[in-house]
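Handing you a structure now.
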């Protein structure tokens, strides 16, 4: 009968009206008391004592807590993580970048030529304003010095602000993505967890301490 | 001053202002200060008060509807809807309004300036005139004009003129197509709308909206489902709402007749449309859902029932919008002329015949008449579905299945 | 599996009267002479006699010494495909070839694209205009000697 | 009644031209007299750019052609490179990219159906229901390769990294839920009288015209031609899985919608079979270098992308970048007959037809 299809359609939308929503209130959402306690992992008494204002807000359902979409560990974020100690200044990343947006200037190191100290890096700028986050630079890095980051909030008002200078790369908190880093994936590393920061360059690499033989093997025989 | 004093709402303000002895009985607190000689002053003040109150109530209800529509459609689409600004995103329409006001007001070079400016005003102003005649409760109405039904139908059809003016004056091809479409569609749907409203009038025996409500012992939606269906569909079309939104037709005509409008002129169109939705829903509640009448055993004032039904009807409009795609112009025209027109005629015929047999029906007779109406409703929808669905579409339709490639 | 015809198979499949059009028989394709008169007949016979009804792709390559127009043809009925290459424009000045739009409608936009980007003119094309770039763009970018 | 013809420029900026597409349309009242598609607003010169990049770097360019179906773009390109360089891909890598490609097909068809219904004037509801399902696929892609749209997942010889452990349970959950969601969509759309009357017998395309105009993909199958390269010319391991090819009977807009909807179901079946057949192993042969350097020659491997036959014609001169890289873009070819299809129909049908052709401007203009 004419109209059955329309009624079926109306019923389907009605079913979805009472179904779950699939969007999230990025970057923060308003929660009530229960949600606030769950987020802060606190008992009600503790919550009142430490955050009285938030407690009142949460009673009205207006307490704001951060809300982020779930993010895969391999997510290729916008901030690059770079471990200077691992970097030899070989410029593989700059070479493999399809857009040529990595700028490296080095000078010969005064120290011995072993992994992590063959060249000193003067400039290591990544212009993420033109970057497409393909990750080929990370794939090309032979010493696991460069990693994709896990953050994605680098919006800026000026184009210049989109260039990551070497100082920022040095000082940034390093929570690298596991993209093309199987050793991190095997360790079950999750960059979005609270204590995920990697402080020591030895924790991240595929070769913890290569011997001279290994270096010769890699640099001379393999290539 | 005579007719105005019929109105309970008018009187309650008037009597608290004026020392008129005739309204001692309705004075709750006696702080009236205007002497009887200055009756014209108290009359004007009351009028100003209610104009102010109704205009602002209408505007605020539009803001509420904008929020409600977006929120509800969001939920229909399994997403959150507006949630940033204010609790539950309640202030979003205010932010919208501020944004619209501060936008640059563009007038296209090719536009016909006078008509271009007049069109949005003509869209909004008439709709305000519907609100005073609607009976919100047994006594809560501003004016009970004796030709209320005709008045309401007349006012709701003015906006087709405004749409045509806007489409013409913009000097834009999208706009003129939208405007012409609007006139063709709105004029066509006036007719089934008027005829099905006649069914309501026959039952009530009066053109006054109050008496239309009084007469609905069984709500007209149940008593004459065919008329209700036709009226609902026709008002959806009159309101340019989905699935009849061909005049705006975002995916075809960008924004139809208001493509070239910006700033507050666009805001007025927006306002007018939403206000028309509210007004039309009130009319539907009055005509077909027994207005302020509710279950009499509950001690709840009639105004509550009216507003509850009102919101319900608006929600149905929003539900339609969330579900249906748009019909094509030729399909819309044939639906009006080949479908709704005949259905409304059948409806009025059946109502007239049954009313001729039982001019003053008892409650059992009313139920019997309802049964007849439902039988006619289902039968005619079925038959028209059979006849109409091939004719309606303009192109042949059939039951379609895919076949699968043979290995 | 679509059978990809080798050069010899293509040679034996085509009508004998077009034998003089063949320049050389390669491993996986046939090189055909850019003959103004007979080329359209040749393609017509490929479509009607050999049932190569789907023109998969028309493209062109600039080898500096010459332009080569490459036709990938597929037969939906027989599930076969073949490649035909036609060198043209040895002098690099106004290279031109006959349009196959009248045989396969699908060549219409592809030939316009080739004209736009490679600068090979197709005779008898219903609408030989630039496709992707604007009308008064100078030069044809996919040519190897194109300098911005 | 004598009328004056109206010529309108629809696009390049218009709500339903799916990007920067422009049509110069002549109307007689509401009826279309003439329509001329004008393209090129998104031309980025990908083919020229490819001539200056290494074979691996071009993978990132292919992502950006049909951006609703990056995985299949990658697949078409990689297959062509593998044929050119004579690389034999690793088995697990091939299975992984088949799973990825079929997921991408579901995502791309979801977008196609959703926007088709949006062009019909539905207020985004079916679109959002379908985008919700697509979102799950994008999350799966994010797990696999760290990106949602511009995947760059495939490499010559296979894929660059095996799917992580959490990928498989998520994929299974998706496969379990999806048929039910599709039933929902069918309830909402397939029998809907408005959609049926708007789409049936509109813009009919018959078999001969479709083949003659090089139209491929779901559009060709909607016209009733059983031509699916996965079946007729199985690349990767499509010869090891079985699936049905839904075909249309008339070749109108409704058939194009139905064919896409049923192809989603078939894709789900293919993924399930892949899950049974995939085995642990290397995902990429060890000997494939980062810099692929094929011998002189050319290659063209057509694949069945969501929009139709997609192939990369690569010419190598023995260097590290291709001498010529031509993309056989299905979206462009499918536009050939747009004018013929819409003439005589109403304004509204123009957009529905354009939506049912399902073009992606990134691929049309490249």
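Each chain gets a letter, A, B, C and D, in the order it is written, and its residues are counted from 1.
Just so we're on the same page, a residue touches a chain if its C-beta (ideal position, glycine included) is under 8 Å from a C-beta of that chain, and two chains touch if they have at least 3 such contacts.
The shown structure was predicted, so the numbers you read here are calculated from the model rather than taken from an experiment.
Student: Which of the two pairs, C-D or A-B, is linked by more C-beta contacts?
Tutor: C-D
Student: Farthest chain from chain C, going by mean C-alpha coordinates, please.
Tutor: Result for max centroid distance from chain C is chain B.
Student: Using CA atom averages as chain centres, what separation in Å is found between chain B and chain C?
Tutor: 63
Student: Report the inter-chain centroid distance for chain C and chain D in whole angstrom, where each centroid is the mean of the CA atoms.
Tutor: 25
Student: Which whole number of Å gives the spacing of the CA centres of chain A and chain B?
Tutor: The answer is 53 Å.
Student: Please work out the Cα centroid separation of chain A and chain C, and write it as a whole number of Å.
Tutor: Once rounded, the distance between the two centres reads 49 Å.
Student: Would you please write down the residue numbers of chain D that are in contact with two or more other chains?
Tutor: Residues 125, 129, 132, 188, 192-196 of chain D touch two or more partner chains.
Student: Mind pulling the chain B residues that touch 2 or more other chains?
Tutor: In chain B, residues 76-79, 322-324, 389 touch at least two other chains, as defined above.
Student: What is the complete set of touching chain pairs?
Tutor: Chain-chain contacts present: A-B, A-D, B-D, C-D.
Student: Residues of chain D touching chain C in their complex?
Tutor: 39-40, 43, 45, 47-48, 209, 211-216, 225, 227, 229, 232-234, 239, 298, 300, 302, 309, 311, 313, 315, 323-324, 326, 328, 332-333, 335-337, 365-366
Student: Please give the residue numbers of chain A that touch chain B in the complex, ascending.
Tutor: Touching chain B from chain A are residues 1-3, 6, 9-10, 12-14, 16-17, 19-23, 25, 29-30, 60-62.
Student: Within the complex, which stretch of chain A touches chain D?
Tutor: Touch residues, chain A against chain D: 2-6, 8-9, 11-13, 15-16, 22, 70-76, 96, 98, 132-136, 139-140, 148, 177, 179-180, 182, 185.
Student: In the complex formed with chain D, which residues of chain B make contact?
Tutor: 73, 76-79, 173-174, 177, 242-243, 245-246, 249-254, 321-331, 389, 392-398, 400-406
Student: If you look only at chain C, which of its residues touch chain D in the complex?
Tutor: That would be residues 1-2, 53-57, 59-62, 70, 72, 76, 79, 81, 83, 104-110, 113, 117, 130-134, 141-142 of chain C.
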